[in-house]
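The structures considered in this document are given below.
The same chain A turns up in both complexes below, where it pairs with chain B and then with chain C.
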Partner chain A sequence: MTDTVQAGRRKFFDLARPSRQHLLGYILIAPAVLMVAAIIVWPLILAIDLSFQQVKIPRLGGASRPFSISNYTWLFSSQEFWLACWVTLKLVVIVTAGSVAVGLSTALLANNRFRGRTVARLGMALPWAVPEIIAVVIFAWMFDTSFGLFGWLAIQLGFADQMIPWVSSSTAAFWAVAITMVWKGFPFVSIMCLAGLQSIPSDYYAAAKVDGASVWQRFRWITMPLLMPVLGVTLVLTLLWVFRDFSIIKVLTGGGPLRSTQTLSIMTYDQAFQYHNFGRAAAVGVVTLVICIIASLLMLGRRSKSIY
Partner chain B sequence: MTLNVKRLALGAATATLMTMGNLAPAMAETVLKFISWQTDDAGTGEWWHAVIAAFEKQHPGVRIEFTKAERSAYADTMTTLFAANQPPQIVHLASFEFQMFADSGWLEPLDPWLKKDGIDMTGWAGQQKCEWNGETVCIMTNYFGFVMAYNKKILNEASVAVPKTYDEFLAAAKATTKDLNGDGIIDQFGTGHETKGGPGQYLTEMLNYIIDAKAYWTDKDGNITIDTPEMVEGLTRWKTVMKSGVSPVDMSASDVRKLFADGKMAMRLDGPWLYGTTEKGTAKSDIVYTVPPFTPPLGGSSNVLAMPADIPDDQKALVWDFIKLTMTPEFQRSYATMGGNTPPSPKADVSGVEKTIPHFPVLIQTMKEAAAAGIDRVPTGLELYYNEFSKMVMEETQRMIIQDLDPAAVAKTMQAKAEAIKG
Partner chain C sequence: MKRSFAQSLALYATVIFTLAMILFPVYWLLVTALSTTNELYRLPPTFWPADPQWGIFARVWAAKPILLWLWNSMLAAVGSVALSMLVSVSAGYALSRYSMRGGATMGLFVLTAKMLPATLLVIPLFSIFSSFGLIGSLWTLVLAHSTMIIPFATWMLKGYFDTIPKELEQAAMVDGCSPIGAMVRVVLPIATPGLAATALYAFVLSWADYAYARTFLVNSPDNWTANLGITTMQGEYVTYWNDISAASVFIAVPIIAIYLFLERYLVGGLTAGAEK
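Then we have the complex of A and B:
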């Protein structure tokens, strides 16, 4: 009887059996899932819970405040929030478009055979390899209003007769942030596109040439459609990066002047650590998350319709 | 199977014993965590290390773990530590940020400790700022007065006398702002203000002019007093200075100090900490310290020591011993001799400090004048909202400069917004 029971148990836990192989998969992935749940899902639940409480500074293990939607009421009636949404939208569109334009161009260039291609590819990837905070500090120096390189160049080239106040002019500050983000973000697009370009069979191009297709026609009807799956994912990842990026704006402009570079990320930080309104900060964070999810779904939906 | 279990149990027991053996000496040592932004500040950092060494000598078996957190991320770090129930035992905070911690009930009231040791805080500079809801929640570590440092070579070359009033200061700044090599870029500035270090620092820089115009953000009862002719005059002065190009813009404090220390700036209004930078600068021999051309000089509380309310009693006793040690006449004196700071204790013996820090009497004079005038950077009644208030003032002032707005209209806007923040 005991032998029968043990044999039954052995059969159940026999992970080599084809019908049990999915169990092995679950067991192997369980630690990673638990880890992700611990470091992402749990804080996310805490943040959502916090966003429905009127709390200044929360304390771990402290008593919860009563349920309230006042943080969201404040948020949607706040000019600051809508301005931050507008700035974030502008930055997302400009930086994503800029990164894709520069990244795709450099990838097309680096995909050709020419002398020094390896060095060119290395140079293309270099901004990606530089730690973000170091890159931003360097850009902060180059954008310095009193002694910066860009101001000096503008004077030398005759574009300006005095130094440009990059950080104390709303328009200039926005463009300073956008340029820095494009510089930091385009290598990722480049690397992804280059990998995509190298996976396109050369036979397609050879056949198109035989049919008399021009360079533009080959790009429009072969390269772009076959690159779309890669480009779609890259676009979503770049968009999410721009949405959540904090350090570039914080170091360069701090969100100013006059909140012209205050994105939703900066607003979240300010509410939490500057004004000690953690409930409001959590509400901004939750709304940002919802916007990111909707944007990602829309982008991925469009991508699937764009390929052959 | 049984043998394997026995081996496993034996192994586990051995490992446990070895671990316990290693832990034993560590458990005998009490560790007090002390986080500060001043760990490696020239002078002040050395003073903290000296206090820690003396404390550890007095308390065998107790060690202070002295860790640095950058000033720019300091409030974030401390907020996170308190929120996570992991505050350092020795709490070091800036005088404009302790209020939020006190208001959350996280700081131990120190009145019983002061009473137990019979410590009289009368005359302790800036100590009244440590009162929160009628209780003493911290000990003021530093109260300072601003001084003016000037480069005598630059002033002499421009044939300008050391300014004594705002008008003379502005004229001197204009006369010494120059494009030395004719490339269209200003190489030498008349003065310098930090405008990139955050709203609190921005307000501090502005306050030099506002206080001289006899204006302030609130009165002693905490009522907002921005929409006044005096404040309009103060804002006008700040706008004039920033728009006339006599100061570099968008610079951090360390960059401004370095420019001055290296002879690229004629005058700088700053606290006692400027000395550490000028001593390392290339223009060291040309720099002279004097009283600012503004009356009264800007001054204020700088940083405080406190202890968390919910640490064990034995740790509280140790932390109090540490705080008391910093308040002793010996360490109040060395706060001046080592740190170059003005000690808040009225009993501090600072005689002879001028032999190592020649301008020390000027520091003492401006500290006393600022304290007598009741000057502080944190406005009464807005302590809890200081970050929000300072950001609002900074933004409205930036708007005034960028959009060339009338200071009178800006003062009205600030008044309304400040009242809304206060609620």
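Then we have the complex of A and C:
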């Protein structure tokens, strides 16, 4: 009698038994689920909760303020928010387009066979390894109003007749941010596209050549369609990066001048840590997250699985 | 495919020109560090200093606690990577080997986590950390960076484990290995390149952070990370561009070295996440 109980008990903990295999799976995944619940899900719920309270600086465990949608009504009626949306949209479109253009061309270039190709490939994607803050230091000096290289170049090339006020002009500051972000962002596109290009069998090109297809035709009808899945995912990841970027804009322009480079991300942060309106900040952040989710689902559609 | 001489020449010229354009900012960082103040504040710019000031590196190293900043960045990165890998390896393995309820939802969750703006998450994290009295401590970074690393690392590792045949563990278990033993002694050794790639990529992610460090550590100079320290050298009125450039070189070098020597692993990590 006791023997069978003992055996049964032993078997209960015998994780090798097929019927206990699932249990082992849950045990293995439990730490990650707990961690994620504690540092992502719970904070996210707190943030959503905050966005519905009129609160300046929240204390955990403090009395929760009554439910209110005033943060959202403030948001949708404030000019600042719509300006931030517009700035974000402009920046996302320009930086994504620029990164894809430069990234795809460098990938196509590095996909050729030539001596020193490994070194060239490393060099072309090097900006990826430069930390964002360091990239900002480099570009902030190149965009210096009095002695910056870019202002001087613009004069030499005839684009301007005096040094460009990168810091105080809205348009110039916006382009300074965009150029810095493209330099930092295109290597990712390049790396991904190159991996995609190398997975295209060379037989396809050989066959097309036999049939007399030109370089452009081969690119248009073989490279592009086969690269599209990778390019689509890369595009969305780049877009999300621009959408959420904080450090480049914050350190380069701080969102100024006159909020001309203030994206939704910067607005979220400044509402919280500069103006101490945590409730409003949470509302901006939640709206940003919702826009991010909708935009990427729309762009990827059924292929949204490929992103994770 | 044989190229004519002219075609080869055009190709090499394009490659060299493109490389020059892309790498110029990095070169400019070095030139700025090595120039004298006079050369910096003068137009036309000096493209190579007449007398390179190599001594600036020693001077900045002595004047600013760069070693401390690097050490803090290193601690935060090693801490968050270790913590994240610990939970992600077992979770990734479970997702790969056991069909579980909610396995598909996990994928959707990873997707959402990828979209989560740091500027949103930093708000509740700030309240949480301040009520636990953690503000100013490096632990804030270990936890905050884990929010970025765990979702992607779990998914990436699941992908690596998927490429390892199940039969290997089954064989080990037939030979008397426990399921955990099979995972630790059979699967993990085979997955080492995958583990290395994930950890390396996670390390770079953590090293690049500025938003969290700025928010949680700004009032504790002893715990400043490299990125945060550098930005404090940017003066409100005057910035000493040669000093800040020299300090930047110190901070960029570790990551650039990792990239140059271990690029294969890093690129494997980048593309594995998206090609499925």
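Before moving on, here are some points about what is shown:
Here is the rule we use: the second predicted complex is superposed on the first by the 272 of 308 C-alpha atoms of A that agree within 3 Å, B and C clash if a C-alpha of one lies under 4 Å from a C-alpha of the other, contacts with A are read in each partner's own complex, and residues count from 1 in each chain.
Keep this in mind: contacts are C-beta pairs under 8 Å (C-beta built on N, C-alpha and C of every residue); 3 or more make two chains touch, one makes a residue touch a chain.
As the structure is a computational prediction, the values presented were derived from the model and not from experiment.
Once the two complexes are overlaid through chain A, chain B and chain C clash, as defined at the top of the document. With both structures placed on the common chain, the touch criterion links A:L83 to neither chain B nor chain C. When the two structures are aligned on the shared chain, A:W183 is found in touch with chain C, with no touch to chain B. In the superposed model, A:K56 lies in contact with chain B only, and not with chain C.
Contacts of A:A213 after superposition: neither chain B nor chain C is touched.
In the superposition on chain A, contact is made by A:F273 with both chain B and chain C. In the superposed model, A:I138 makes contact with chain C only, not with chain B. By the touch criterion defined above, A:F147 lies against chain B and chain C together after alignment on the C-alpha atoms of chain A.
When the two complexes are overlaid on their common chain A, residue A:I39 makes contact with chain C while staying clear of chain B. More residues of chain A are touched by C (comparison of chain B with chain C).
Of the two partner chains placed around the shared chain by superposition, neither chain B nor chain C is touched by A:I222. Residues 58-61, 144, 146-147, 152, 273, 278 of chain A contact both chain B in one complex and chain C in the other.
Those residues of chain C lying in contact with chain A across their complex are 1, 8, 11-12, 14-15, 18-19, 22-23, 25-26, 28-29, 32, 40-45, 83, 86-88, 90-91, 93-95, 97-98, 100, 107-128, 130-131, 143-144, 146-147, 150-151, 154-155, 173, 178-180, 204, 207-208, 210-211, 214-215, 226-227, 230-231, 234, 241, 244-245, 248, 251-252, 255-256, 258-260, 263, 267, 270-271, 273-276. Only residues 75-76, 79, 82-85, 100, 104, 183-186, 195-196, 198, 248-251, 385, 387-388, 391, 394-395, 398-399, 401-402 of chain B touch chain A when the two sit together in their complex.
Chain A contributes residues 15-16, 21-22, 24-26, 28-29, 31-33, 35-36, 39-40, 42-44, 46-47, 50, 58-61, 105-106, 109, 112-114, 116, 120, 122-135, 137-142, 144, 146-147, 149, 152, 183, 188, 191-192, 195-196, 230, 233-234, 237, 240, 243-244, 246-247, 250-251, 265-266, 268-269, 272-273, 278, 281-282, 285-286, 288-289, 292-293, 296, 304-308 to its touches with chain C in the complex. Residues 56-61, 144-147, 151-152, 155, 161-163, 165-170, 254, 256-259, 270, 273-276, 278 of chain A are the ones touching chain B in the complex.
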